[in-house]
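Below, subunit A partners subunit B and then partners subunit C, in two separate complexes.
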Partner chain A sequence: MPFIVAFVFAYILWLVLTAGTNGLLWSSQELIAGLIFAGIIGYATKDIVGEKSTRFLNPIRWLEWIAYAPVLFWGMVKANFHVAWLVITGRIRPGIVRVPVDLEEDAQYTILGNSITLTPGTLTIDACPEEKALYVHWIDIPKGMEKPESSEPVSGPFEKWARRLGK
Partner chain B sequence: MKRLTGLLTILIITLGVAIYLAQNIIPPENLHPLGEYYLENSYFGEHSAKSPEVVTSILWDYRGVDTLFETAVFFLAIIGSLTIFRLNREQSEEAKQGEPKPQLPEPVVVVTKLTVAMILAVSASIALHGQLTPGGGFQGGSALAVAPLLVIAAYTKYALEKNGLDKTRAIIIRSIGLLGIALTALTPLLVSGYIMQNQPIFPGEALGVPLGGSLVLYNLFEYLAVGAGFTAVFLLLSIPEEKFKKFLGVRR
Partner chain C sequence: MSWVNYLIYAFLAVNITFNLLGSIALHRFPDVYTRLHGATKCTTFGTIFAVFAVAAHALYQLHVTGDAKYLQMTLHSFVALIALLLTNPVGAHAIAKAAHLSGYKPAKAVIDAYEEKLGGGKE
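Let's turn to the complex of A and B:
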């Protein structure tokens, strides 16, 4: 099964890279070459990708990923304007906060950690699944937020999404 | 207020310089005659390399011997590093003993899983479309070598060796690549051509895909040689220092 995950992933990537060889679509030669190389890559990486990755073959999960894209994008737009304002005014209150999160899987920590890092102004420094917390560097900590109770003030709705996407 | 004035000054100066440069840098109108020759000949023309990608045609066809010697230099560099880190049989067995446990935080490991498959697909695409789009064997091989490097960083080298990619295998793959390059370069001699001749000895296209004659072969073999050569060196460099000190009998 991990073979199929790596295979599908590599094949989709190959299709993205070679789009436009036949009009806007793919020539049959590219499709066949892609099958061969995705097979080799799937075989070579099946032990690294691991058994747990098969949950990403679920099509409902893919739809959820597509739904998450605008949420993440909107969060990034807002944070960009906020950081631009901080650059102009120069009034910042930087520091590292411990953010308690309610997540189980590695993938959930990965999605939340990377979403926080992608939004300007916040940066995940470490993820500690054993103490159920992320350590986040925050460029402008609001007064009284030095010890947040949940991830909501730091990352908005991302934790909810990460919990569903990484299940 | 002072800060705002400073920022505005920088902004105005940058914009001014950009506008000035945009208007005053004129691209040259005439091609160098040699460049014109390559552009006209690489695909059409009498001295065609049967490849629409001019850079690859120059690299592996018009100036092919130059690239062949560059490959030889790279070969010597890898051989040099392998010689410095030479270990006997027991020592290399001992260097393989270790715990294949991720060393970095979980998110790094999860992302590594994704990117390793991704890098392999991208590198194959770069190398095998070398005769059609910018890219080629060396670029693809360098990208390929990033995949084992990421595995070493996220999981330690022992994980790579447990999955079957140890130094010996890497060197074998690299030798296959170098042998392929040498054979492709020497084949034209058999049919009374000259060394590294491309057209009309190698097929210009197959199944409707332009192959650029020998260019696709050179790219494929260079891809293997460079990727596996770098991997072998990375595997050697990631042996812990304590083990090397033990092998060499260094005492504090």
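Let's turn to the complex of A and C:
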């Protein structure tokens, strides 16, 4: 099964990169060459992607990723204007806070950590799944938020999304 | 001149504004962590809009000429955007963690929970 997962994703990437070789579609040479190369990649990486990767073949999961994109983008827009204001005024209150989170899978930590880093103003420094916490550098800590109880003030709705997407 | 051109100009204006703010942040902020915010985040946001501008141009040309190379231009720029969105936070995280482990303390910090954790681990 890990072979199939790696094969599918490698072939999708190949199709995206070679679209438009025959009209707006693919020429048959490209399709066959893609099958061969995706097969090689699938065979070479099947031990790295692991058994649990099959959960990413679920089409519902892909729809959830598409639904997550606007949420993440809106978070980036809001946070970018905040940081732009901080850059102009120079009034910052930086620090590294410990954010307790309630996640199990490594993939969930990756998604949440990357989302937190992508929204400006917060930067994940370390993820500690063993103590269920993220260490986040926060550029403008609101007063009284030095020890947040949950990830809500730091990342808004992202923890909920990360839990669902990485399950 | 069609409205698509104005859309492209708007995207490019946002791109330039945020890249400029990222560069200003490099000068104004006091230490490596706060500068990382400006250098990685503002420029990522700006670059997203650069990709949108390329995609708007390419899709419009695709609509006008029907030439498949514009479809490739659109798809390739979106692949570049996804690669950027995946690698950028990882790079920023690696730099910040490396800086902290090499002993650079955050300047003007009101709290440093990571230092407490590391200090607790050593003793």
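Keep in mind that, in the parts below, the second predicted complex is superposed on the first by the 167 of 167 C-alpha atoms of A that agree within 3 Å, B and C clash if a C-alpha of one lies under 4 Å from a C-alpha of the other, contacts with A are read in each partner's own complex, and residues count from 1 in each chain.
The working rule: a contact is a pair of C-beta atoms (placed from the backbone, for glycine too) under 8 Å apart; a residue touches a chain by one contact, two chains touch by 3 or more.
Keep in mind it's a predicted model, so treat the numbers as computed, not measured.
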{"item": "Simultaneous placement of subunit C and subunit B on subunit A, clash or fit", "value": "fit"}
{"item": "Touching partner for A:E104 - first (subunit B), second (subunit C), both, neither", "value": "neither"}
{"item": "First (subunit B), second (subunit C), both or neither touched by A:I139", "value": "second"}
{"item": "Touched partner set for A:N80, first subunit B, second subunit C, both or neither", "value": "second"}
{"item": "Which superposed partner A:I48 touches (first subunit B, second subunit C, both, neither)", "value": "first"}
{"item": "First, second, both or neither for A:Q29, with subunit B first and subunit C second", "value": "first"}
{"item": "Inter-centroid angle subunit B-subunit A-subunit C after superposition on A [Cα, multiple of 10°]", "value": "70"}
{"item": "Touched partner set for A:N114, first subunit B, second subunit C, both or neither", "value": "both"}
{"item": "Contacts of A:G90 with subunit B and subunit C, given as first, second, both or neither", "value": "both"}
{"item": "Subunit B versus subunit C as contact partner of A:F37, first or second or both or neither", "value": "first"}
{"item": "Overlay on shared chain A, then closest C-alpha pair between subunit B and subunit C (Å)", "value": "7"}
{"item": "Residues of subunit A contacting subunit B in one complex and subunit C in the other", "value": "13, 17, 88, 90, 113-114, 124, 126, 128"}
{"item": "Residue numbers on subunit B that touch subunit A, as the complex places them", "value": "3-4, 7, 105-107, 109-114, 116-118, 120-122, 124-125, 128-129, 151, 155, 159, 163, 207-209"}
{"item": "Residues of subunit A that touch subunit B when the two form their complex", "value": "6, 9-10, 13-14, 17-18, 27, 29, 33, 37-38, 40-42, 44-45, 47-50, 53, 88, 90, 106-107, 109-110, 113-114, 124, 126-129"}
{"item": "Contacting residues of subunit C [partner subunit A, same complex]", "value": "18, 21, 24-25, 28-29, 31, 33-34, 36-38, 40-42, 44-45, 48, 68-69, 71-72, 75-76, 79, 85-86, 88-90, 92-93, 96-97, 100, 106-115, 117"}
{"item": "Residues of subunit A defined as touching subunit C within the complex", "value": "13, 16-17, 19-21, 23-24, 76-77, 79-80, 83-84, 87-88, 90, 92-98, 113-115, 117-121, 123-126, 128, 135, 137, 139, 141, 146-147"}
